[in-house]
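My questions will all concern the structure given below.
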Amino acid sequence: MTENLVYDTYQPTLNELRYTFGGHEPVRGLKPGEVLTLYTEDCFGAAVHGIDDLPSKVCEMPYLNGVTGPFFVAGAEPGDTLAVHFLDIEPARDWGVSATFPHFGALTSTHTTATLQAPLEERVWRYDIDTAARIVRFQARNSDFSIDLPLAPMQGTVGVAPAGGQALSTITSDVHGGNLDTPEIRAGVTLYLPVAVHGALLALGDGHARQGRGEVSGVAVETAMRTTITVDVLKGVTTSTPRIETDDMLMSIGCARPLEDAARTAGADMVAWIAELTGLDTLDAYQLIAQAGDTTVGNVVDPAYTMLAGMPKRLLGGTVIQQGVHDRLRSTPWPPAPGGGAS
Amino acid sequence: MTENLVYDTYQPTLNELRYTFGGHEPVRGLKPGEVLTLYTEDCFGAAVHGIDDLPSKVCEMPYLNGVTGPFFVAGAEPGDTLAVHFLDIEPARDWGVSATFPHFGALTSTHTTATLQAPLEERVWRYDIDTAARIVRFQARNSDFSIDLPLAPMQGTVGVAPAGGQALSTITSDVHGGNLDTPEIRAGVTLYLPVAVHGALLALGDGHARQGRGEVSGVAVETAMRTTITVDVLKGVTTSTPRIETDDMLMSIGCARPLEDAARTAGADMVAWIAELTGLDTLDAYQLIAQAGDTTVGNVVDPAYTMLAGMPKRLLGGTVIQQGVHDRLRSTPWPPAPGGGAS
Amino acid sequence: MTENLVYDTYQPTLNELRYTFGGHEPVRGLKPGEVLTLYTEDCFGAAVHGIDDLPSKVCEMPYLNGVTGPFFVAGAEPGDTLAVHFLDIEPARDWGVSATFPHFGALTSTHTTATLQAPLEERVWRYDIDTAARIVRFQARNSDFSIDLPLAPMQGTVGVAPAGGQALSTITSDVHGGNLDTPEIRAGVTLYLPVAVHGALLALGDGHARQGRGEVSGVAVETAMRTTITVDVLKGVTTSTPRIETDDMLMSIGCARPLEDAARTAGADMVAWIAELTGLDTLDAYQLIAQAGDTTVGNVVDPAYTMLAGMPKRLLGGTVIQQGVHDRLRSTPWPPAPGGGAS
Amino acid sequence: MTENLVYDTYQPTLNELRYTFGGHEPVRGLKPGEVLTLYTEDCFGAAVHGIDDLPSKVCEMPYLNGVTGPFFVAGAEPGDTLAVHFLDIEPARDWGVSATFPHFGALTSTHTTATLQAPLEERVWRYDIDTAARIVRFQARNSDFSIDLPLAPMQGTVGVAPAGGQALSTITSDVHGGNLDTPEIRAGVTLYLPVAVHGALLALGDGHARQGRGEVSGVAVETAMRTTITVDVLKGVTTSTPRIETDDMLMSIGCARPLEDAARTAGADMVAWIAELTGLDTLDAYQLIAQAGDTTVGNVVDPAYTMLAGMPKRLLGGTVIQQGVHDRLRSTPWPPAPGGGAS
């Protein structure tokens, strides 16, 4: 496979960013095994540079969270599963921004958790990102307090075109993926998404230099990313909610409100997955996840919250998972060997 | 106005039904003041005729709840409000059907309120509809019990194209309207929707011969309808969530999960509406709705639940509401005078 | 039965108000068929007389919503059902009060729907109550707006001692009843509660001159009441959630969060009740309630929200309901004949 | 301090287990600094020994989750904070049990998330506990699958008497603590609870040999524990929701439904705590927790779900936390030196 490895790059203009999953023509093709380094803009479309750039002033609603793509994946047809492996996610800038955004976040009233209270003050924080030292620096706005936090790059938004001719805002998530906003989508992991249209139409964006689990203010350390992916297609393998595989863990992602329904969606999918992999019956698999699995928060802020049900792979007895695609994609040479692989 | 009244009709083929709000070209234009009698197919696309036609077998997922339209409303631009007045909603058949649908409904686990339990039995009920006697007849499937219920025709699904290039399934609802599934959308009322695209692109469907409040099984007495509407455009009047005006009541509709968020969305909008109409400050308006208003259930089954906040108009002191459009449209001659008005 | 009718009265001092269901000795006995006129204080313990009496200043937390009782019901044992019939609920004052209370209500953040926003302004409204004209008068605080609203007296809080040795705050509700805050608890209806302890230990309070459905500000038109009840015990009839019977309707009450769970609790109980009364199987009963029943809001503000599932009795075919106790208690002579019945 | 250390033990009989927080006389006193090793019975009151002991048959409802205590803490008065430090939590048996319990758990309908579906099969699992090897062994019921899981002993239920004369079931949780069911309550941590009554009346039980995060089946690996605690009282320090301090982390615990409200309760408390410790203003503290804090699941099954908001102590700049009580209690000699300390 490494013989013919193709390494390519793609960078959209701001005008080429897309604000829905579905409803758009592909910007280019992507073959299984091809390695693509793409650029994703931050969730504010590069409009927020500093503390005086209030998002509600400098951004045009609802055009937030623009994604790069969509990419037409050769061979992907409805009923298949798309495996998206992240070889690398690295900040493309040495700074990021965060903000409170009016009526958005876990600790504020919102457009649906509507109250009569005034919104919180809108405030922007700018973070220095040091990719060499692997830190981002928090600097308080109203005091001298500052602290270095570990750099932990991730992609907030990854999805495919949804079923039924829908075009869904990149602000929300559902079975097609979307704004999952969970720190698990980092380099080294494989994300499984259900293909609903010819070519899957993968798109991604919304890089975070880091986020706390829950992303409680609704905005992470937002920055542009250079992200390197490679994909594969699992023919005839259906997927009913997004799943993640890491070297150690399997995770199912539920996207729903209220938050317990996100947990239920994830948990029921993980029970089914464990049962399929181990031969355990449903109740035995339920029992195993209850004692050995984890229910983990993605975000509690987006139109659909996300929760993950996770299970360590070592507890499942060595079965081949998803046709071994994670290990296969994980072994893709990255960075490319000197002098080799350029397209 | 009655001088130039245009009465027209429109009936789509099954292939012309649409399954998203947004993402479609208009099927025809609709001028303010024009009277259009249109045909809406039932939510099953006429595929369920009797108790042996299980929806999960005879329907193709996710193509349920097809709507008629979209109609391009002359003069409607983003930032305006579309007023849709229902002159008439009458069953187009002498029968309707209902069903339990696997993993759909308030008293079953669902795809997001996921459990490990087996789904409920899928079962179909066929109702005779007697438009002369104004009744629908419930006949139990597993006993001789039968009972006549009042015919109360309504349209479950009415909406416009949403903002931001979205194309949203006709199964759900949001600020654009959609699958509101509330019995208030009956003849004699005016529905206000926010225009988000040039021409609004109004579409409607999902007629119910009647439904209980909450629509707890997820499926009403579904039937085809002949529905007569007339529309107007309120230029420069913004709408943030669907509203209804009847001869006696104002209602705001919230679409969200959990159900309390639907109530909050509706309530906050009604407080703002009352304040605007009466000059009450926010807390006085809140107090008035707390004692004199109603929080009412639309549905507790769809992907977005709906709740209504209602206020009797007589308590608001005779202010002109929405430029008087409800009274104006309500006075449209219907049925048309003999010999007059047909296009 | 009218031969031996006993009419009695009971009025507690402020010190005799109780703030939990459970945990208290009975204040007196109450025999089935006896007619008791009791006094209930308003939810603020008579501490709020006018617009300058802010509840957070004049009341001592958490001692709100004090109830009158508990009453030891002769013959009531765990596993029975207590039927509480309301012969009369009349304001004991010619004024009532309402308020915004910090972090309480549907359109504000609360202690559990916690946000970082400042609480709403605390404000009190005083209502004149005219029992002859049957009106309560709303007077805005920040304008001259005023309006007469229909007097519609009801009891917000009615319950028995809960199971398992619990003592539950009178602010919340559960299967034992409690702060149901639903306008259905008015004169002429019968409330069914599950007996969990010897003597049931019935208590009630929190009279409302009226409330909007949902009680969205969290505080109704609060006033003292003279309330006349008579009770009966249904031996061996179990009750799993509070139920109401009126002349026309059956209703099950669900007490839970989120609000859809209150609807589910109520709906599932009503399906079971319909099935029991009509012989319909579960799915047929579910279908009937979906088309002919109602899902109705009690309150969306208390620690447990309440929702009601209602069904018209006339649709159920004339079966005897709860041993006919509602009709029996409803026929109690009230007011007592001149010269007769006083104890 | 170590000079006068008192080491004592307490073991209740089954009849001395308590099923509410509040409503009970103390079983004994507990002085700050005293070290008490107590015995807690499993949540089934030792009635489930093996796979044939179905809890719904062998246990008497609602008497589950019995706690040991309450203990009268000398010097604790309303308005203080009780610090409970866990020196040791060790299984008192070499086996534990788990189960599916009808209508209880995250992946089943429940009494409030009520559906018309049949409950899941009730099934019991017995686990061997090897305290030397620090493992518990899962053995599937319907196959040969078995796997060793790490022993991770914790206490599911810890609380004090609640305010206002309430007596709350040990099945639920609230600001008084209770059935928190979160794996953080393990040896080495300090739990902070608000004192609401004279002497606090601390009680605890419900030991788990381990649980997955979320405890999705509703039942962990339940076993009896020998648990060693020492307490202190923070005079005049108020606590509005339970908090945990470990060597590395601060955590606030929210107890509520829906699950997002548990997250909001925890998050808002942590923002306030961070602001108090660092001098950050509210929005700066919110921003810091959004990027550096964690929102973590306790349980998604109990009548009140639990969520934790956590923050690493090292990010807070070395401030003294809660008067240094965690470090002080953490340094208590345990196990006691040979020959020393016995009472």
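Here are a few things to note about the model shown:
Per-chain numbering from 1; labels A, B, C and D assigned in written order.
The working rule: a residue touches a chain if its C-beta (ideal position, glycine included) is under 8 Å from a C-beta of that chain, and two chains touch if they have at least 3 such contacts.
None of these values were measured; they are calculated from a predicted model.
Looking at B-C and A-B side by side, the one with more C-beta contacts is B-C.
The most distant chain from chain D, with centres taken as the mean of CA atoms, is B. Centre-to-centre separation of chain A and chain C, using mean CA positions: 49 Å. Averaged C-alpha coordinates give centres for chain B and chain C that are 34 Å from one another. Separating the centre of chain A from that of chain B, both taken as means of CA atoms, is a distance of 35 Å.
Residue positions 107, 113-116, 120, 257-258, 264, 267-268, 271, 283, 286 of chain C are each in touch with at least two other chains.
Listing the residues of chain A that touch chain D in their complex gives 98, 100, 105-107, 120-121, 123, 125, 136, 138, 140-143, 145, 147, 149, 210-221, 257-260, 263-264, 267-268, 271, 278-281, 283-284, 286-297, 300, 305, 307, 309, 315, 317.
Against chain B, in their complex, chain D makes its touches with residues 107-109, 113-120, 258.
On chain B, the positions that touch chain A within their shared complex are 19-20, 22-23, 62-63, 111-116, 163-169, 254, 256-258, 261-262, 264-265, 267-269, 271, 282-283, 286.
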